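In structure tokens below, several structures.
The two complexes that follow have chain A in common; it is paired with chain B in the first and with chain C in the second.
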Partner chain A sequence: MYEHLETADPNLTSVANLKRVVVDPVSRVEGHGKVTLLLDENNKVQQARLHIVEFRGFEKFIQGRPYWELPVLVQRLCGICPVSHHLAAAKAIDQLVGIDPANLPPAADKLRRLLHFGQVLQSHALHFFHLSSPDLLFGFESEIGKRNIIAVLGEYPELGLQGVKLRKYGQEVIRMVSGKRVHGTGAIAGGMNKALNKEERDYLLQDIDQMIAWADASVALIKKVHTSNLPFYDDFATIRSNYLGLVKPNGALELYHGGIRAKNERGETLVDHFDYCHYNDIIHEEVRSWSYMKFPYLTSLGTAMGWYRVGPLARVNNCDFIDTPLAEAARAEFKAHGGETMVHSTLAYHWARLIEMLHCAESIKTLLHDPDIMSADLVAKGEKRYEGIGVIEAPRGTLFHHYQVDENDIVTKANLIVSTTSNNMGMNESVRQVAAEYLSGQELTEPLLNNLEVAIRAYDPCLSCATHAVGKMPLQLELLDAEGKLVDQLVRHSSGEFVHGI
Partner chain B sequence: MSKTINIDGQNIPFSEGQTIIEAATAAGVYIPHLCHKPGYTPHGSCKLCTVNVNGRNCSACTFPAAEGQTVINNSEELRHDRMRITQMLFVEGNHLCPSCEKSGNCQLQGVAYHLNMLDNHFPHFYPLREVDASHPDILIDHNRCIFCTLCVRASREKDGKSVFDISGRGIHKHLIINSPSGKLKDTNIDVNDCAAHVCPTGAILIKRTGYQVPIGQRIYDHHQISEVALNEEGGAGSLPAAALPPSLEVAGQGSLPAAALTPSLEGAGHGK
Partner chain C sequence: MTKPILVLGYGNPSRGDDALGPLLLDFVDRQFDLARIDLLTDFQLQIEYALDLQGRELVLFVDASVACSEAFDFAELQPARDNSYTSHAMSPAAVLQVYQSITGQFPPPSFLLSIQGLSFELGAGLSDEAADNLQQACQFAGRLLSHSAADAWRQALSQKHTVIC
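What follows is the complex of A and B.
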């Protein structure tokens, strides 16, 4: 739709005086990325790109390590969704000891699901309350000093506190199952290393009803925000795309294990209940010269038409139903909203994300009442294999881990497709849409540029593992002329001080 | 009337033939150490147990206790020296605790916590060292070897096999394996040998057992290495070297009661 803005007309770049505007780094996302715009003399946007500027190299340096290290080693990719990497790797190494998901002991399967629901709950709460609520509550172009969680806590103390406590609860679930809030251990090849004891189970049970109530209220809040700002919320950064994710065999929303389902923009099924061990038959990745992040696509549709979006919007769009009552009611309302089979609104990612958060809270309650999570039957073992593939729905979307090992149990090859990679094209399209529809032709200011970040933030991208201090993120906007000469700049120092001008 | 030495102002009895560390351990005084292990011939190489005896620094694991000794064990200067030694051990190899399966059960990590080591201080060497995964049940990760020679002594003294030795000098020092190929698979080591279980770090590991002990139940999750060492070695420490049967040596698992290791809801191991 806005592909023409991926690369400016080469004739134009050589003759016209294109100005370069850079948003670097993009703030309130996980990891580091930047946006560049090329503008002509009338401030018309000729090119808009989201660049991912980090390089991690995990696939290389896990080569030569024993396979049982993988779940603990690769979870260090990220400080926000380490559990998803931990479990995707665990599912892969289960296969190395001959255990397919169906043969995992029920206790281990349920403990892993509990762990993952805690993960998705805390990640979604973090993203909505800490990272995105300032934009949604104060407005995209509000004063920059207000656009942070501290201001949210000041003006909406109850809501802000609920966000902090929801996240904390998710982390406590993780700690009870894996020993630590971040980067614990838990999943081992063929099972889990411990069950929950009664004390731990009761500790989590005491707050779960409150969490469900808060999660339910947050769905109502985002619905109100979304539907009070129409058609803007339906149109902003919105693109029509394919959607991909895992679903349960009965078509229900699934986060831990299922088959791949992909639908096109009209809601027609492209692939269904596809065994993810053969993912390579349906998905390939394209490399483009200007980004370190690859562009995955469905091979059947090709690079131009085969790109797809993943994550909450894709999952809630793709599933037939959600198997917890409150989240299912919320899903039905959500799907009815757009008046189409699929909801394409990019800002609806927030809405779908909170429906999933509610589903996680409800599912945690169900699992805590399941006696299997206190069972001692935790590990199964079968015949050694040399290849393992684990796929999971991480908070940000479908996550692929693929490993090969030799006869000595050493990793020889690894391939990871992380969720945000799948949203690469979607994020770039959204950035170009905002640039073309909302920025083009205007004098650029910091509040206007925040619109670009709002578009990216909707995807909750995890550009790599990262932490950042509230309000201390240094930000530098540079205006360069066609010769690369600095014309103007706006700098925010880590002290919060602003300096305008050269 | 038994003979005594004085450690940090405390009179401690000793019997003839005991080293300073043996007398101290028997009396409940912890002296940090890595290459020392009760029942093994003292080696005196890691230098962590350095104490000041009558004004002179020496290794407590090799120095015999003698009447009239005034020993300084607990001083800021010695703590600082021991921390620097530990930091050097960390930067010489590749000790990556966050993903290491020995984390929480590792004596090198335990000593570092005990000494309040908060950084590595020295630039990392990032040496290129091999992983020998050739044996079906035992894995050698040379990245984590600190040359304490406990596996060398275990194989020789307890297992009667001589599977390991240290070769080279200074920075070129490395663990070698006694087989024509230099690979562990071509030795006669067995998974039940003392040498397979004695490593204080994660250099010699039993394959496919990593991370099976949950966080909260690992050796050093709730107890400092000083407590664990005194608990494990307290009785044994008073015996002369090499007097222990091998059966007491395997795995170095603590004799702490299981109840003491139950995880609390407040958890532990933060930052490990």
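What follows is the complex of A and C.
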């Protein structure tokens, strides 16, 4: 769609009349990303790329360790969704001890789902209330000092408090199931470490109806924000794509375990109920010279046509229904609003994310009333295997963990496809769309550049993992000519200080 | 019953010197009676930590910092709007601001102990320099926690820089 902007015309780049604009790093996304725009002398975009300065040592970090360490070890890959890595690794090492998902004790399966719903709920709450609501409530080009959660708390105090408490509730679910708010050891090979006791169950039940009510209200809010700004919200950063994710056997939305479903932009099914243990048969990853992050694609469609998007928009688009009533009603409204089989609006990621948050809250309540979560039958055992693959729907999309072990139970091979990698092409396409449709031909300003970041943030990318030393992440914009000479600079220091000029 | 003192050490234990905050917590866990001290750790600070400040008399945030010019810095924190744009991680001053916004009250006396770190690679251990810095910071934290009153901690400020890293 906007592929022509991935690489500028060589005839143009060979002459010294292009300027390069660098947005480095993209703020309010996890990790370190950089946007470069190559402009001609009329400020028309000739090339737009999202580069990922991603740490590439995940596999090396894991290889050489005994497999039973993985559920704890992999949580340290990411400070944002450690539980997702924990559960994907747990599903993989289940297979290493001979346990397939169907053979997991019901109590363990339900406790893992409860843990996962808690994680997705708190992650989605954080993204909407903290990271995105400033843009959505104040506008993409609002005063820079307003674009943060504290401004939201000031002007929408009830909404801000709900965000904090929804986030806290999700953390409490994690703490009750895994024993700790972070670094918990809930899942182990073949099952779970502990069940909930009655006090823990009752503690979580106290507030769940309030959480459902707030999640439901947040869906109403995002629907109002989205539909009050049409057609802009349906057009901004929007691209038409394939979508991929897990679904239940009956076609319902699934976050923990299911088969792979992929649909094309017209909603036609490309792959359905595919066993993820054979993911290598349908998905390959392409390497491009200008980015550390790979570009996954469906092999049957090839690199040009086979790229796909994952995450809330993909999941809500792909499923036939959601098996909790309030979220299902919200899904039906969501799908109906655009008049097409599939919703392609990139900003609709926010809407879909909150529908999922509502589904999580409803599902937590259902599970808390299920006596299995207090059962002592928590672990199954089987015959050792040498390969295990675990796939779940993490908050940001489909997450693959694939391990091989030797006779001594040491991991000899590890392969991870993290959710944000699957959205690599989608994010790049959205950046190009915004660059082409909203920036080209205009003088660049900080609010306009925030538009680029808004497009990326819609995907809630996790660009690397959790290191965060104080003072490390200023925002820097550089304007260079084609010879690499710095002609202008904008720096936003970590203190918030904004400096313009060389 | 909420314990009066909260020590919140944050950082990723598997990312080299980013482990400094959690490691200082290990020191407190080994050396102190925890009847009056709560220890919390996470990879990074987020909005919900504002709720953990409720009912405290003193709060000590502990973090690795690349901006420290010495082994460690110690500063009193004030609520501040978070313009840091540091993605999913919040500054401790911003957590205090969130507390103030959602409770309408001034937060409890809160301090930041920043320990100088140099290397943050995934899978790396603590650097030798950071290990030395941690030792000095632990001694300082030990003196702080044996005098659990805000005035005593403010006096300790004069022994260290008051720069918020």
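Basically, the second predicted complex is superposed on the first by the 492 of 502 C-alpha atoms of A that agree within 3 Å, B and C clash if a C-alpha of one lies under 4 Å from a C-alpha of the other, contacts with A are read in each partner's own complex, and residues count from 1 in each chain.
As a convention for this text, a residue touches a chain if its C-beta (ideal position, glycine included) is under 8 Å from a C-beta of that chain, and two chains touch if they have at least 3 such contacts.
Because the structure is a prediction, the values reported are computed rather than measured.
**Student:** Following the overlay on chain A, give me a clash-or-fit verdict for chain B and chain C.
**Tutor:** After superposition on chain A, which the two structures share, chain B runs into chain C.
**Student:** Applying the touch criterion given at the start, work out whether A:I282 contacts chain B, chain C, both or neither, answering first, second, both or neither.
**Tutor:** In the superposition, A:I282 touches no partner, neither chain B nor chain C.
**Student:** Does the superposition put A:G163 against chain B (first), chain C (second), both, or neither?
**Tutor:** second
**Student:** Per the contact definition in the header, classify A:A414: touching chain B only (first), chain C only (second), both, or neither.
**Tutor:** Neither: A:A414 stays clear of chain B and chain C.
**Student:** In the superposed arrangement, does A:K60 touch chain B (first), chain C (second), both or neither?
**Tutor:** The answer is second: A:K60 touches chain C but not chain B.
**Student:** Return first, second, both or neither, reflecting whether A:I456 touches chain B, chain C, both chains, or no partner chain.
**Tutor:** neither
**Student:** Touch test for A:L244: chain B only (first), chain C only (second), both, or neither?
**Tutor:** Neither: A:L244 stays clear of chain B and chain C.
**Student:** Taking the superposition on A as described, I'd like to know which of chain B and chain C A:A107 touches: first, second, both or neither.
**Tutor:** neither
**Student:** Using the touch definition from the top, say if A:V72 reaches chain B (first), chain C (second), both or neither.
**Tutor:** So A:V72 only meets chain B here.
**Student:** Go through the superposed model and pick first if A:L131 touches only chain B, second if only chain C, both, or neither.
**Tutor:** In the superposed model, A:L131 contacts chain C only, not chain B.
**Student:** Residues of chain A touched by chain B versus by chain C: which partner has the larger set?
**Tutor:** C
**Student:** Looking only at the overlay on chain A, choose which of 3-11, 21-29, 39-47 or 111-119 in chain B hits chain C.
**Tutor:** The one stretch of chain B in steric conflict with chain C is 111-119.
**Student:** Name the residues of chain A shared by its contacts with chain B and its contacts with chain C.
**Tutor:** 73, 76, 183
**Student:** Which of the residues in chain A come into contact with chain B in the complex?
**Tutor:** Touching chain B from chain A are residues 64-66, 68-69, 71-73, 76, 97, 175, 178-180, 183-186, 188-189, 193-194, 199-200, 203, 408-410.
**Student:** What does chain C use to touch chain A in their complex?
**Tutor:** For chain C paired with chain A, touching residues are 10-15, 17-18, 40-44, 46-48, 50-51, 63-67, 81-89, 91, 94, 97-98, 101-102, 114, 117, 120-123, 165.
**Student:** Could you list, by residue number, the parts of chain B that touch chain A in their complex?
**Tutor:** 98-99, 101, 131, 133-134, 139, 207-208, 210-217, 263, 265, 267, 269-270
**Student:** Which chain A residues qualify as touching chain C in the complex?
**Tutor:** Where chain A meets chain C, its residues are 27-31, 55, 57-58, 60-61, 73, 76-77, 79-80, 82, 122, 126, 129-131, 144-145, 148-151, 153-154, 157, 160-161, 163-165, 167-168, 171, 181-183, 465-473, 475, 492, 494-496.
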